[in-house]
Amino acid sequence: MTALCGYVLSEWYDLRDLGNPVQALLDWINGWGDGSTFHWLAYVVAGLIGAAAIGLFLGIAMLSLIWIERKAVSRIQIRYGPNRTGPFGLLQPVADALKLMQKEALTPLAGDKYVFWLAPVVIFIPTLLVFGVLPFGPKMTAANINVAVLYIVAVGSATPLVIFMAGWSSNNKYSLLGAMRGIAMAISYEIPMVLSLLGVVLFTGHMDLNGIVQWQQKYHVWLIVLQPLAALTYFISASAELNRTPTDIAEAESEIVAGYHTEYSGMKFGLFYAVELGNALAVSGIWATLFFGGWWLFGLDRWIPAWLIFLGKMYILYGALILTRGTLPRLRIDQLLDFAWKFLLPLALVNVLVVAAEVTIWQENGISAGWVLPIAAVINIVLSGVLIVGYTQTFGFARRQRPRRARLVTDTLAAMPQ
Amino acid sequence: MTIELTGERVAARLGELLPETRVEAIGHSVYVAAESLLAVCTALRDDADLRMQHLTSMTAVDYITHFETVYHLQSLAKNHLAVLKCRIDERDEPEIPSVVSVWYGAQLQEREVYDLFGIRFTGHPDLRRIFLWEGFAGWPLRKDFLQISAGAQHPGLPHFPKQEQGFGVLSGPNWTAPEPPRQS
Amino acid sequence: MTIQTEPFIVNIGPQHPSTHGVFRMRVVLDGEKIIDADMVVGYLHRSLEKLAEERTYTQNIPFTDRMDYLSAMSNNLGYCMAVEKLAGIRVPERGQYLRVIMAELQRIANHSMAIGTFINDCGAWQTPLMWMFAEREKILDLFEMTCGARLTCNYMRIGGVAFDIPDEFLPAVNGLLDDLPRKIDEYEKMLMENEILIARARGVGTIPRDLAINASLTGPMIRGCGIPFDIRKADPYAVYDRFDFAIPVGENGDSYDRFLVRMAELRESVKILKQAVPALPGGPYKVDVPLSVRPPVGDAYARVESPKGELGYYIVSDGGTAPYRFHVRAPSYINLSVLREMVIGASVADSIVALGSIDIVIGEVDR
Amino acid sequence: MSGFGPVSAFYVLAVLSIGSALAVMAARSIIHAVLFLVLFFVSLAAMFVLLSADFVAVAQLLVYAGAIGVLVVFAILLTPSRDRRGMETKFVGPGLLAGAVVAGTVVFIAFNTNWDTASNDFPSTVDAIGQALLNRWALPFEIASVLLIAAMIGAIVVVGGRGVDLDTHAAGPATRLVRRER
């Protein structure tokens, strides 16, 4: 009995981190033969398990996201949302998927049918690849590569090209307009995004996500406290590329019908829809990892499974995306690009400068982290507040154009132009 | 309350403004000859006394013997309204000067009248049919238009855009090819 | 060196999410900038003016519902007023008050819809539309209570209104009137202070004041330019001269000003209703008019301030039971005449905002 | 580089990159050519991964597949399509010459370089690259950045300040186009 208890409580069975059983399995395979004969098999098995886990997670997450998003947005819009399929409309995502699968996938006659077919398939790849490096737990990273931060940006930079493929091959003017808008926006927002990530990398000295989480664990602080500017610029610039409402100019429903996927129907459209949700989840996952401590929650991760903490943070941050989507009108493309170049880029640059100075002072003089980090946090928070408020007051739209009310006229004849 | 100016009042003022034109006042409306329409409209718009800045409504009526275009003019500053009418006796090729140069708002209304009555507005910058398609047979609001004639041209393409290039032809399980026209 | 791009012709519509029906705008684009635009209408042309010449005066009332199907009450009212003016019929006091109440309720319903769709055109994801629909829904319930129909009311009659209000109408409308100012405050807080909305709508689709008069604009379009032209004040019909209300005007004549004017008109309509509902007199709601009324020979032009602008009916009678000529001065059709001026030089996104701020209804444009 | 896995991966990637490079030349549609070019860049990035040069691989993906690909697409779409025709015949001679020179150089280098086999444990390449760029090669690095800024300012000066003249454009052929098509 004690043996069984010990076995159950021993590390490989520990469900707080699903990486443990996998590691045990791999060790077992490696133990076959004389140590290195079946090394390749362990490698293959590890890859397969990682890929299958991510595929499974993404599938389930997308189904759940459809329901969450529809339900949350419908509550914002004072209506019920899906409530006919199953309890609380829980089966709505399944019904949606089935409907999309039954629909005919049309291909425009004058379009480029190979590229047209390829685009929804290829656009799935970056989404999947990003999830490959997210640390779901201390040992739950499918591919723990040491340039993960840069890798996320690099993989994401392939998306505008796929959007262009979809828009161009449709041979539709709305699609082409949407694709061009999408590209123009993506290349503008990549720069503040990279710069904001640079601040995090400078501060922690790590480029792999697990290392960043462990740094936060080591110093017992969330990076959003130390890097509020970077967190803000990253959130804005990353969510700008998601094609969600305040920045959905690439598919702008009221202007260019559905942008680059106007001509897609059936499950091809479904893939675009799913990728949109998947990308949003990935962005909230990265945000949670970099700025909200990832799987670490002030020691609570000793009792709660780390992956549950991470999923919880991811979904809560996804709620922020739903909120912005449900409440804001869309910006015009020139305003959006102005915002990237004239607001986010200077802020991110200032942030990098300040962080570099702080880190240099800290590392060169060997001051203890207990002194540096609180001071740096206060400096950065105050600085970001001052910068944002100052910027909006000096250059922002609010200063020049205050909202007014209409003027009320009672004596109309006297007020008429003569 | 908007004052509806009587025909005599407007005609009297017009007589002062443009002594050489002949206007006729009947009830609430003033009848103007087609050739002096533009001069009268400009005078009405620019006159400090009348100030007909706003062309409220413009339409036409088919009285079988003749057409009549009706202009409802109003002054926002003076708050009064006048009715201007113009007879066209020609029935086959009715023509009247366009007032778009006086009131920009006449643009769409004149296009509508042209579309439904077939009255040509000379000097209109962009006189095309608006509700019906170019080539629609007949002018529907004329009293002698009783039904769409059998051979009328219908809108839309007779075939799919790229049909002649070998694709785009209707096909499918529920579609049977029509009989080719028999050569006799 | 200038970059010469090829002109790019895009059909915005007839099937498009934000053309409010089957409106079609052909635009020539240079990049995102519109360098030429042309409007194509007529997809919903039902030839109402010809049809009306074959039916009696009373039979024509349902046709007017189908024109501006978002403000059927005002359309009914204008037509009935034209026939009454032609035939010299006087409407009893209670009928007049009921007409005003219904027309103002209709104005609130229509403006809610107009504001909601306008912000939808600015790119909000359905939320303001749904919020605005909530208020419109309560007003449509009131209409249903009174005349059985929600959209195509067919409520006004020549010489009054079709039915008297039911007993539960007055408590319901009083409840609504108590509720509305709070709701409007909420909307103003949500929409007017919205930075993105201001950035999108300010300076878009600007109409110069002279052009607004010269191009026969009416309704919120001309009031947005700062000209307080409103038929309810300029030419008070029914019993509008007994109420105390103001005409909201904008300043620059851009899309945002038109939006502000509509927002303020919601308040003014509530103000009128709050005066009209308690003052509702007793007595007959209708005078007896023969179903096939025969007005004397002549013509008449009557106009009302519909939510879209000046809605005028020009009716020529030959003394028979059917109008000899029935012409509608459709406000959203004539307001469209400045569309070219509004969109040329703007971007595609701005053109949609400008079009949305006109508040067109295709049923009325095409008739 | 040894073992079945890396070697087979090398051959697959080699075939992919050479095949996509050939397809760039063979593609009739210029957009297809660009897409094949991007595929080539991606396979090259995979090749760097195979060499454990992870930073270079990611930079390749970011700069070439992401930025350069998009840049080429922009350039193509901003060129009027009539300028795109006739390119097949005009530059065949110089193109062949340039190609031959490049190919000769590559072959020469390939045969004249002493290829060392690297040891199996790789340090983090990011640190090494950072050290090299900011210590030993700091001056060339800064000169390169100054050059790029100069190029950017030059580009802005060349095209900036003058957009499409709307007044002359609106009355031009485009207006007539709309009218005629009705």
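Just so it is clear, A, B, C and D label the chains in written order, and each chain counts residues from 1 on its own.
Everything that follows uses one rule, which is that a contact is a pair of C-beta atoms (placed from the backbone, for glycine too) under 8 Å apart; a residue touches a chain by one contact, two chains touch by 3 or more.
None of the values given here were measured: they were computed from a predicted structure.
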| item | value |
| --- | --- |
| Pair sharing more residue contacts (C-beta pairs) when B-C is set against A-D | B-C |
| Relative to chain C, chain with the most remote C-alpha centre | D |
| Whole-Å separation of chain centres (CA-atom averages), chain C against chain D | 57 |
| Centroid spacing, where centroids are CA-atom means, of chain B and chain C in whole angstrom | 23 |
| Rounded Å distance between chain B and chain D, as computed from the means of their C-alpha atoms | 61 |
| Approximate Å spacing (C-alpha centroids) for the pair chain A, chain D | 28 |
| Multi-chain contact sites of chain D, meaning residues that touch two or more partners | 182 |
| Chain A residues counted as touching two or more neighbouring chains | 413, 416-417 |
| Where chain C touches two or more other chains, by residue | 9, 213, 227, 229, 234 |
| Complex contacts: residues of chain D adjacent to chain A | 3-5, 29, 31-32, 35, 38, 42, 54-55, 58-59, 61-62, 65-67, 69-70, 73-74, 77, 124, 126 |
| For the chain B and chain C complex, residues of the former touching the latter | 1-2, 27, 53-57, 59, 61-62, 70, 72, 76, 79, 81, 83, 103-109, 112, 116, 130-133, 140-141, 145 |
| Chain A-touching residues of chain C, taken from the complex the two chains share | 8-11, 16-18, 29, 32, 119-127, 130-131, 134, 192-200, 202, 209, 213, 226-230, 233-234, 244-251, 257, 260-261, 263-264, 268, 347-350, 352, 356 |
| Contacting residues of chain A [partner chain C, same complex] | 73, 76-79, 173-174, 177, 181, 245-246, 248-249, 252-257, 325-335, 396-398, 401, 403-410, 412-413, 415-417 |
| Contact set on chain C toward chain B in their complex | 41-42, 45, 47, 49-50, 211, 213-217, 227, 229, 234-236, 241, 298-299, 301, 303, 310, 312, 314, 316, 324-325, 327, 329, 333-334, 336-338, 366-367 |
